[in-house]
Amino acid sequence: MPDQDQLARVRASFARQTVMDTIGATLEHVEPGRITIALPVSPRISQQHGFVHAGIVSTIADSACGYAAFSLMRPGAGVLTVEFKVNLMSPASGSRLIAEGRVVRAGRTLTVCQAEVFAETRGDRKTVALMTATLMTIEGRDDVVD
Amino acid sequence: MPDQDQLARVRASFARQTVMDTIGATLEHVEPGRITIALPVSPRISQQHGFVHAGIVSTIADSACGYAAFSLMRPGAGVLTVEFKVNLMSPASGSRLIAEGRVVRAGRTLTVCQAEVFAETRGDRKTVALMTATLMTIEGRDDVVD
Amino acid sequence: MPDQDQLARVRASFARQTVMDTIGATLEHVEPGRITIALPVSPRISQQHGFVHAGIVSTIADSACGYAAFSLMRPGAGVLTVEFKVNLMSPASGSRLIAEGRVVRAGRTLTVCQAEVFAETRGDRKTVALMTATLMTIEGRDDVVD
Amino acid sequence: MPDQDQLARVRASFARQTVMDTIGATLEHVEPGRITIALPVSPRISQQHGFVHAGIVSTIADSACGYAAFSLMRPGAGVLTVEFKVNLMSPASGSRLIAEGRVVRAGRTLTVCQAEVFAETRGDRKTVALMTATLMTIEGRDDVVD
């Protein structure tokens, strides 16, 4: 059974990621081990050719991975990204981007997640990026909680 | 001798990366094969614990790599990120972040770059992230020029 | 319809990978865009704790990715690995390892593949590694054909 | 002052990596946080075009990283590779390969290392690969010691 308290902590923690407001991303869906984030494409997040910047694509993919990992953690734990790798398979354009992150393996200290980022254009969906990330469970550090 | 025209193209292209305005990053230094980008730390780019979001750290590292690669390309070429991998070694905080990107190997089609991101705090410098990126030279595509 | 000639080229090319004999790996299954390689666990390929060395796990995963990419290429092309990233999720032990590689996106120049490596122990299967790889199609180079 | 006991443990542990005998690799140099491994190029470790297989290049790079990390650990600890990423910049050929691994950041639980692999040909040296790896210190597990 989903731990509703932890899913509420995911939402509260996401709401504290001020960068999401800055770029315009929202939390679309939360379930244990699986997170969806949406990002409308806008000129404010573009690189030089008008596509969404690869770093912004990575920002939503990283948060989708991080909160997928965090959704399975115990109260009081925090999550930090150890590393991630992202392949940019198509220029990110369209009307909005969707990042879906899921836990591949949850360990005691480290969790491996993968995320796929899609670009939506008038109902079509195209994969623009794939991420694999390693996240760390942090316990006992006051500055890294929730 | 540095190709001043190409270095001017780097600056002009960076100025078109509207995301840099959105997050507050500026191009600090340009030389052939080597780029420095600065980003003042602000609450607008934070993750949930108040550190700069790993995706934003990656955004300046990716642009530092991309423009390092681009600085060695011929007129008319464009650059796209194929993939990158970033290790986040310390939480990104302090007064500002500095991303230094450099070309490790420039090939005809693919260029490998590395970037280091430092956090500055009252004169101290601490490495917060290391990136290795693969960039692609794009020629003959109207939507990917400069 | 599968291109039987190209699948035959996959088998012939794999047979020239002398390292596969050295470590004891065999090509189990070939279909367009999807390759399976098997590797019996033996003390000859161990790291210090008796597990299969991460580099050997990567060797079969990389070949599974490379031949998945190659299986979709045209006659006369060769394939080279540009980069790969592998997460080792569990120590690799058991009776044999199975690497399954598949094409995620086949482009004109670059192909992105992913591989999963399983360890089999008395019928059980456990994921030990995940790889994402970028492969390059090489044309017109005499030393990189098939 | 270098911890001679720990450097002796590096050598003893490397000697237990039976895969190194199988491929012909030797430990060339050990100092705290820095390891060099040499591998004569031979047809036994080739891919289909006669170059050293990317997975074998990774095998020596991974061990160079792993032992660089291990050289700074305390007695009784073991080391496991969490993940690595490798860029293959030139086909690996020549007379022998040299992998140099060094610690970039040693944390309590995780250590980040980088390795460079060179190919030597009649005195010339060419970089063939760059690796960034995350290693984990394992304590209290009987099957992962030294």
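The letters A, B, C and D name the chains in turn, as written, and every chain counts its residues from 1.
By definition in this document, a contact is a pair of C-beta atoms (placed from the backbone, for glycine too) under 8 Å apart; a residue touches a chain by one contact, two chains touch by 3 or more.
The shown structure was predicted, so the numbers you read here are calculated from the model rather than taken from an experiment.
Comparing the contact residues of chain B and chain C by number shows a mostly shared set, over half of all numbers used being common to the two copies. In the CA-based superposition of chain A onto chain B, the rotation angle is 180 degrees, rounded to steps of 5. Set side by side, C-D and B-D show the greater C-beta contact count at C-D.
With centres defined by CA atoms alone, the chain at the far end from chain A is D. One simple way to say how far apart two chains are is to compare their mean CA positions; for chain C and chain D this gives 21 Å. With each centre defined as the average position of its C-alpha atoms, the distance from chain B to chain C rounds to 33 Å.
Note on chain placement: the centre of chain B and the centre of chain D lie 29 Å apart, centres being C-alpha means.
Shared interface positions of chain A, i.e. residues touching 2 or more other chains, are given as 82-83, 85, 87, 134. Within the complex formed with chain C, the chain B residues making contact are 82-83, 85, 109-110, 134, 136. Considering their complex, residues 13-14, 16-19, 21-23, 43-50, 53-56, 58-63, 78, 80-88, 91, 143-146 of chain B touch chain A. Those residues of chain D that touch chain B in the shared complex are 85, 87, 89-90, 104-105, 107, 112, 114, 127, 130, 132, 134.
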